[in-house]
């Protein structure tokens, strides 16, 4: 009950403020919230949801999953061994700065214009926080933990898993960053070379000056982000319970 | 500015007008005119702001941050029908009116077996943006060839990538404009349709537009601007070599490329008939629900 | 070394699978890049881009750290704002550009894009870093009655620092990428706009040369970030281990 | 002597999804100003828990702790603590000297006084045999050295109440004896109140004025044994005296006699590891 | 008995920006198969360092360690270790039972044998008095309990060579005695080789067949004292016997007599804390 109050309190205030402040707005680019809400109903409860949101969600899920797998794997390799780290350092720094619009020409030729390109855009953009956090988390693995595993001659695989588990608080930090990013990237990837999807729809609204509809799309993106964040937290709470225990957050304190 | 007439008279008695446009070929006549003193002759001083894009120009014009900007005709029609107070003043680029020698065309891969636009029925064609005039032009090329324009699938690929998309077979056809038309041809693509001329021989592709409120408050300045631009076009028509020489100075186009590409057409009037046609298409494609009043859109 | 390998791989791939007009080989790109380096235009553009990056980064880091600590240290604030933050986080600023244009110019918007995106990264890294603070370390400080501020400076901050180090390396590249995006989608003067212009002019060699140079810039910024991190974190396990290796 | 510390009916239950443990029930204990109390009891009986409650770091489930007459809700002023987890209580990002000086810098004292205290801190490091390691970082030290840093930190702080949780567990016999004497000397000189948790019954008797035995299982105070040895004690003489031997046996018996049988390791290994 | 462990001329220098410490120089020591050796020495003299070198976890700066005739470059098979930092050597995300079972699951054994070993692990937990805490997480345990988990893990593994670094430092006297007897019984039963680092000289003498004293400063082996007590020892009887007393005094004298004077805490606190 209290949690609900906390979750809805500020949003309620903000929405009310927005509603009141915008109600008399005549600026086409800042329509009244009332109009946006009406547009929301018209746009997203009319089948567009299935035709646009579902493909987007699928791209998002796939892109995020690939980013997660690739980020953790590469991050682990880079964090664990100095040689790959030294070899890839500048190269990764190079690729990190390439924004999606620069990648697209190459992707177009190499991958084509289907969903694959969008997946690549999402993955390539979202992989970095996961990769860097994993690498740093792995590098910071506790020495005594490592020595224990080595002394008992635990097999490589087990040792790697132990290191990953120890780094999981920081890996989750990366995954959380990547979640927000991949929603953005989903939208961005659909802005270029797309024929459906949430981002595509929003951009079409924007370009055809359907401003209330565009705002309704922004709302939907926000809601999507909120929902996914909650889902993420659920997973994280379970996976990192030990960490909260270890750092004393489960013990009541003064 | 734009609140009082005369707008912003500077010390030398000239009124400053701020133009927003991406650094594209259609600016060449403007720059030439500026150098030749044509704007000054009309009592104007132009400042060109190239830090702009399709995304930002309409709000910038409506908010009074710039006085004139360029926009393609379909976009302006859509904006108008959504109640945005934009007014097309004078064309910025237009069809050359010569079928087979226009600056935009529908191209296919040379060895694809497709020889006419009609054959693209049921196939995929790329355009740079789905909601602007390119989509209309691509469809129109198919229609003019006797095909069903609603049966082509349009996808969005920016012009720079279109030649590659065609030559690697990612799309069956692509609507491209210069310099990519030349580039595509150089990579073995062949034109099969000329959508601009099909739409109208005097088609206005993009226009300089202003906010309606600005045009009513600064009628003199607007007229002066239009006259100056028309004079600029007249000069440019006479001095094509100068235009070609100008282009590489503000774009990344190489002089040898600029010497060969087809230049955009230069026209004095925003074509009303074409606008009606485009409005109809925009409605067909679901971009708008009602045709705007074209008298409101196009400055007399 | 890694770069040399990558360059060779690129050259081979580009020659094998792509037409020079689409993806030019390095042997064509490098001379073009050198030509650019001698021109003034490139340096002006770089200056513009870097200034947007710098301003955006400073805003993001300062605001992000303050917000992160405020959210992380006061549970009520965190709980009250988390739903709102989760809602706002994924909204792509690009969608809002037409609205922003009403009040800001494109350069300011570019700075804002950089600042907002980096801000989120910093905030979340700080929040996760704060969770890593050790109970015994805090208890020690509390037992000796170190105040909130002193605890933050001496205990919390050093614990969060490694997370911020990661954030720093992330945001320098994100900032650069977004400054480029500002040029690409809004025409804000700078390297992004130059890349856009090369694309629009069909100059793919020039565009790849710019991308190459921009990547070089990215490497430079990354090295700076690493240097800063090594200085600040010399006591950290990761750095210690590095020194041994 | 007035009662500085009043522990009344303190109970503690740790609740978690996996297991709920009732650790302490109704612990009653009062410590006078200037007293030296040793707290002993089997491993896991709740000594650390009690110490943390006294320090105001952990809320009691039942009962109350009063320090100087006021209920403890946060760490009271003038408290020094040596934690059992000494390694985690040192800051890896600070040198040994900085670790020791940290609490002193935040006492809100005059400049001169602060300088004096910092000098004290260095002396304290010297006194624990770490004068030369001042610029080292904690992770460059051996376990015993780290533990001594934690002791030096608490001691340099000159607390009114010093809580020490097995502070000498990681040092060798000789160093341990020296540290014991150091603490005893400081106690006498500054009249501080000390509560020392230790597993070494000899040490408890040697140092304290009173040995409190915590029982196991759900435990309260099981025995409270006054140590009536002369105030001036000395490692060899005192430890070999007859009264010392008697006291130590008394404490020993108490620690063994737990209310619900022996707490653990009650079976012989032979029978178990078969 | 053949020599299982050969430590020849081992030296170690830690190098860092802030300080470089030469910890060991030319340590020579050989341990026979089945032997029980206790390693004592002042805090910071390099016992942990030596143990880690022997375990193949830390490279020696000079010299070599041979296990079973082969040079040690990585941890040899059949090694069990109880680390001084027991808390950090337990995995916080695994329960007590999972921590104990972890090494057993990877021995590449038959199913039946594995089940047997896992049962052993549980027995080991019982034996250290933690049978009930199997499902708890390490952070829910007291310091002494965590230490016992680490011991149970090493013991359940049935190593050929068991290295223990102050394994009983955090438990009470009673538990300590029980654990000592547990280790002694296992040693006898399985014929393992044990190297035990301890600060408790009595414990060293009580358990081992040989007490090796490491000196301080730049240190090598300072003394190597055979413990010629009968094989069957018993907490009260053995410890009160006359030979025990003598041995303990001998070791004590060696630990105090360090090559370059006493290592630390040599000044009286009075003179220092003024």
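Order of writing sets the chain letters: A, B, C, D and E. Residues in each chain are counted from 1.
The criterion applied here is as follows: a residue touches a chain if its C-beta (ideal position, glycine included) is under 8 Å from a C-beta of that chain, and two chains touch if they have at least 3 such contacts.
Keep in mind that this is a model prediction, so the values were computed, not measured.
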**Request:** Give the fewest steps needed to get from subunit A to subunit D, where each step moves from one chain to a chain it touches.
**Result:** 1
**Asked** Can you give the rotation angle that fits subunit D onto its twin subunit E by Cα atoms, in degrees and rounded to the nearest 5?
**Response** 180
**Prompt:** Which chain lies the greatest distance away from subunit E when centres are computed from Cα atoms alone?
**Reply:** B
**Request:** Take the average of all CA coordinates in subunit B, do the same for subunit E, and state the distance between these two points in whole angstrom.
**Result:** 83
**Request:** Compute the distance, rounded to whole Å, between the mean C-alpha positions of subunit A and subunit B.
**Result:** 38
**Request:** Calculate how many whole Å lie between the centre of subunit C and the centre of subunit E, each centre taken as the average of the chain's C-alpha atoms.
**Result:** 49
**Item:** Euclidean distance of C-alpha centroids - subunit D vs subunit E, Å
**Value:** 25
**Message:** Touching at least two other chains at once: which residues of subunit A meet that condition?
**Reply:** 29, 105, 109, 142-143, 206, 243, 245, 248, 251, 253
**Prompt:** For subunit D, which residues are shared contacts with two or more other chains?
**Reply:** 14, 16, 57, 74, 85, 88, 137
**Message:** Where in subunit C do residues touch at least two different other chains?
**Reply:** 22, 98-99, 102, 134, 136, 139, 185, 199, 204, 236
**subunit A partner contacts - residues on subunit B that touch it in the complex** = 54-55, 58-59, 62, 75, 78-79, 82-84, 126, 129-132, 153-158, 160-161, 164-165, 168, 170-171, 287-288
**Message:** Show me the residue ranges of subunit A that touch subunit E in the complex, using the header's touch definition.
**Reply:** 142-145, 147-148, 150-155, 158, 162, 165-166, 168, 242-243, 245-246, 248
**Message:** Applying the document's contact rule, which stretches of subunit B touch subunit C when the two form their complex?
**Reply:** 22-24, 50-53, 55-56, 58-60, 63, 65, 158-160, 163-164, 167-168, 179-180, 182-183, 186-187, 251-254, 257
**In the complex with subunit A, residue positions of subunit E that touch it** = 52, 55-57, 74-75, 77, 79-81, 83, 85, 88-89, 91-93, 102-103, 106, 137-140, 157
**Contact set on subunit D toward subunit E in their complex** = 14, 16, 18-19, 21, 40-44, 47-48, 84-85, 87-88, 95, 120, 123-124, 126-130, 135-137, 140-145, 148, 166, 169-176, 178-179, 181-182, 185-186, 189, 199-201, 252, 255-256, 262-270, 272-273
